[in-house]
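Notes for the one structure printed next.
To keep things simple, chains are lettered A, B and C as they appear, and every chain counts its residues starting from 1.
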Amino acid sequence: MAVSSLLPSARRHPGGRPHHKLDLDGTRDLKLLKGPWAKGFAVALAVAYFVIPGSLEETTLRTLCYCGLYAIGAIGLNLLTGFTGQISLGHAAFFGGGAYCAAYFGDKHGWPFPAYVLAAIVVGLAVGGAIGPFAARLRGNYLAVVTIGLLFVAYHLFMNWDSVTGGGNGVGVANADISVGPLDFRDLELGGLKYTFVQGMFWLIWAFVAITALLAKNIVRSRPGRAMQAIRDRDLSAEIIGVKPTRYKVAAFAVAGACASVAGVFYALMQNHVSPHEFGGQVGLFLSITFVAMIIMGGVGTIFGSILGALLVEYGTRFINQRGADAPILGIPVDQGWLTVGELNRILFGLLIIFFLVLEPRGLAALWMRIRIWFQSWPFSY
Amino acid sequence: MKKQPWLRMLALLMALAMAAAACGGSSDDDDDAAPGTTAASDDGGDDGGEEPAGDPEPTVGFDGTTIKLGVLTPTSGPAAIIGNPLTKGNEVYFEALNAAGGVAGKYQVELVVRDTAYTEATAIQEYNATKGDVVMYTQILGTAIIKAVLSQMVQDDIVAAPATLDADWILEENLVPIGGPYQIQVINGLDWYVNEDGGEGSKVCMLAQDDPYGDAGEQGVDHAASELDFEKGPRVDFSVGTQDFTTQINQLQSSDCDAVVLVATPADAAGALGRAAQAGFTPRWLVVSPGYLKLLWAGELAPYVTEHAVVLSEGAEWGDTSVPGMAQMVADLEEYGDGQEPDPYFAFGYNQARAVHQLLEKAVELGDLSREGIKRALAEVGTLTFEGLMGEYEYGSGPADRNPPRTSTMFVFDPESPTGQRPITESFASPAAESFDFGN
Amino acid sequence: MTALALGAIRSDAWFETLFSGVALGAKYALVALGFVVVFKATGVINFAQASFVVVGGYLCFNAANTWGWNFYLALLFAMVGGALLGLILEFLILRRMAGEAPFTLIMVTIGILFVIDNIVTAIWGPDYHDLADPWGLKTWQWGDVDIAQADVWTIGITGVVLVAFFLMFKFSTLGLAMRASALDQEAALAQGIAPKRVYQVAWACAGVVGAVAGAMLASGTGSLRPDMGLIALIAFPAMILGGLESPGGAVLGGLIIGLVQQFTALLAPEYLAWIGGGFDRVSPYFVMVLILLVRPTGLFGQKEVRRV
């Protein structure tokens, strides 16, 4: 006698009801929200989206805005690295490109928000697509180093293309318009109520996160997504069965570039100033590594993991900065203390990367999966 | 398609949530989601002339007894070698002030120090994190950093004291610059070279960083060339962090330069000078003040720099008690310095704190420590003085009236001197420096 | 040598640039060699090589300056320290990561880099120091040409280290074991070669080589600085264009990059003014990309055989 016949549902369905996860024709796999828990979670997220700006203080809200924009970039990187298996350490270059688009088109030329976001997307697609062919010829480690080269090229470009980027001085973005239709997010006013810049940006940014996540999820659970994963796992075999690796690699780079570009636009809007030093050379490499860390810790190869990773890394960093300012370990190395906040932050960052990779290489999302499966397969969880 | 009742539920919940979101908004300019920004009160600040203004009301960064000042400085990373002593200068000054009673004898000063790691992104982040806690910023270090934060500062109406000698700061209403800008240093240096060092009619080249800092130096050279008798040679550029200066030194040698104005940061300056020493290239080096670092000049470079290099800076020798403020600074360092060695950057930070102190005194006198109060104080503080340690800075009523000090002092490297710098001239202002127009 | 002008550049400038390019290239070659040694044995691109460089430099400084040892003894101390660090890292972390995806391995080494770099600054502070090397700013004169002694010694020591490694690789049992392991680990295992031993030796070698590179970098006109590890960013192109598995390629790559950088710095302001300042920073990557387009596995790299 199957144990399932002892369960309550057995009384309603004599002879046994198929398990709710049984998927005979693949439709379940294609659904966006599988099962009641997922639906409930989606609802909770939607509610949180509206309620959070009213209930958290400005500093935390600001941090969440940055988490959101990094999440957009991380989703793009996850599509590229997690799903298609192409290592890229040049993400910061696209990020910077998007920021400069916002500055140049939005601030200098006064284009409306949708226009310069579109421009950033186009630039990201174009540059990413241009990198794609390199990916086709180079593999693994070689590709990683070439993408580092991209950072240096970008830095050189940003520093020297004065007319567009303002050279070493950088450019301000204070005058860029941030309005979508009737809503001006710089100075949001709805039904007689005024909202701060940060509150408005929170809604705008996280709306974009939702859109990006939805688009990415759609790519992933459809044919291109499967093709990308085939390339990641065994690209020779994929080629044999008819998946064109070059095309998907180029596309993946393009999409990742576009996502990073959009993230860069929001970064520029939040920072109010864009400078080449933030995106080039070693600082850029650190930024690229931060993105990679986000997808590692969040979960390589998952969309939700990208968001989790962005939250963890960005929020964690800022949290340490805030706390660190009061902690007794903060010191100026003039015989007065041993470790500065910045150093502590970076050491923890490094340690976290190492621990995640050694203990849970598939990140928080996998951790969450394990917990969930434990509960789902209870009492048979082992 | 099946009906999806859960969608209806979702829509209902969203509607409720949107209603709840409205709680986050505000019907006037005050918003309750940001506790840091309270409206400035304007009691006691209105009558600025006849009757004495009352005590300043508690406001952002001021709770009635303690004034909080922000410091955005690199305490980690390569720029920390400048950031740390400079911050120490701020701290020592205010500690001594607190011991003596504080601002106006009543208010203690507390510094909120945050590490920028000399990156714009971190700096902006730290600025946003601290702006709700401070009255103003007593130090922001790094030209690029300040430029990055400036537009936000203007929006937030916050005032800061920049820790670099860029001439651009003169024109900014929200900045409290001190000291003679780099252009003045270079002009005075060239004046000394031409008139006192036998440089008349010689060829003066430049070895400069390939960014606005280098450009500032070039402006000085150009102006000096129009007023003094020397030939302007080529400007050789290098990027920060250049490993090997062979090619740059070669270019200078090829041009037969008699003197070279060096606009660099410590490591690059030391690298360039070292290579020049190796190559046997011995022009007169006129080194703009940030290029100096005792640690790097005290090694094998010492003989070469002692003979050929002159540091263009301001002030007097450390410990020279003929200067009124010197004894106090030395004593304060001794008492509150916690092991900090005498250092020109420390002196700068100390004087910067003094400038901010004068501003705060004025604000307290006017009875208003809010954002507007500080701006008003800036317009009414008149001239900032430094007890002879640095040149006086005329502030006037706005950027158009500002007149930075035009004085410089020439220093040579002397390991016997406390900071390693020994003056070979008095503090002087050349006619060419006096005539330089900052465009304000 | 009379000062002939070639274009606007004197002939002794050409020679000095050439020489400094070789000296710089030697430093890059050392760093690149460290990368290649580890990669050849373990298949890992070790981003933490940069931290070996930094640690080596600081250990040498500590011994020579703070403790007052003889410089060469201090150098030896740094080499031993580097080897130890390599062994510790191998034991603690990399051993558990054997067989993981290249991406994972790269990120772990990056994590190690962050940790070690910041511990170094925590211990020694962010100040720059002058490494008390015995060559300092002394030069040898040859007509109009000035050659820095430190540069000569750098090339010399690099040469000795490289020759030592090649001899070890080619003729010693350990070297043979490493080569066998790199070719086919299973077959090597079958022959009785313990991969653990091979990894340990590889990491120790990388540590030694990195330490020497760090000491050389800080000598002469250079200074000991916490961001010395950034040289690794330039050593990457050197290693890649030489081919990841080829130690000889790493050396050649390093020399090429050093020469390219110096000559770009010399010639670009004159002939390529439109390209903007600082192009010498980009030029290594530029050259690397050009070479990769022609030979995707570098000059001497092995063509990867992929089986489905």
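The rule is simple: a residue touches a chain if its C-beta (ideal position, glycine included) is under 8 Å from a C-beta of that chain, and two chains touch if they have at least 3 such contacts.
Keep in mind the model is a prediction, meaning the values are calculated, not measured.
Student: So using the touch definition from the top, which pair is joined by more C-beta contacts, A-C or B-C?
Tutor: The greater number of contacts lies at A-C.
Student: If we define chain centres by averaging CA atoms, which chain lands farthest from chain C? Would you check?
Tutor: B
Student: In angstrom, rounded to a whole number, how far apart do the mean CA points of chain B and chain C lie?
Tutor: That pair's centroid distance is 38 Å.
Student: Measuring from the mean C-alpha position of chain A to the mean C-alpha position of chain C, what distance in angstrom results?
Tutor: It comes to 34 Å between the two C-alpha centres.
Student: What are the residue numbers in chain A that touch two or more other chains?
Tutor: In chain A, the residues touching two or more other chains are 333, 340, 343.
Student: Could you check chain C for residues that touch two or more other chains and list them?
Tutor: Residues 121, 126, 227, 230, 277-278, 281.
Student: If you look at chain B, which of its residues touch at least two other chains?
Tutor: Answer for chain B, listing residues that touch two or more other chains: 76-77, 80, 84, 210.
Student: Would you mind writing out the residues of chain B in touch with chain C in their complex?
Tutor: Of all residues in chain B, those touching chain C are 76-78, 80-81, 84, 210, 236-237, 239, 241-248, 250-251, 253-254, 266-267, 270-271, 274-275, 277-280, 293, 295-296, 298-301, 304.
Student: Inside the complex, what are the residues of chain A that reach chain C?
Tutor: For this pair, the touching residues of chain A are 81, 85, 87, 134, 137-142, 144-146, 148-149, 152-153, 155-156, 159-161, 234, 236-237, 240, 281-282, 285, 289, 292-293, 296, 300, 333, 338-340, 343-344, 346-347, 349-354, 357-358, 361.
Student: For chain C, which residues count as touching chain A in their complex?
Tutor: Listed in rising order, the residues of chain C that touch chain A are 39, 45, 93, 96-97, 100, 102-104, 106-108, 110-115, 117-119, 121-122, 125-126, 227, 230, 233, 236-237, 239-240, 244, 275-279, 281-282, 285-286, 288-289, 292-293, 296-298, 304, 306-308.
Student: Please name which positions on chain B make contact with chain A in the complex.
Tutor: 6, 9-10, 13-14, 16-18, 20-29, 31, 33-36, 75-77, 80, 84-85, 87-88, 112-115, 117, 119-122, 124-126, 128-129, 132, 144, 147-152, 155, 210-212, 338-340
Student: Chain B touches which residues of chain C in the complex?
Tutor: Listed in rising order, the residues are 5, 8-10, 13, 16-17, 20, 23-24, 121, 126-130, 132, 136-139, 141, 146, 148, 217, 220-223, 225-227, 230-231, 262, 265-266, 269, 277-278, 280-281.
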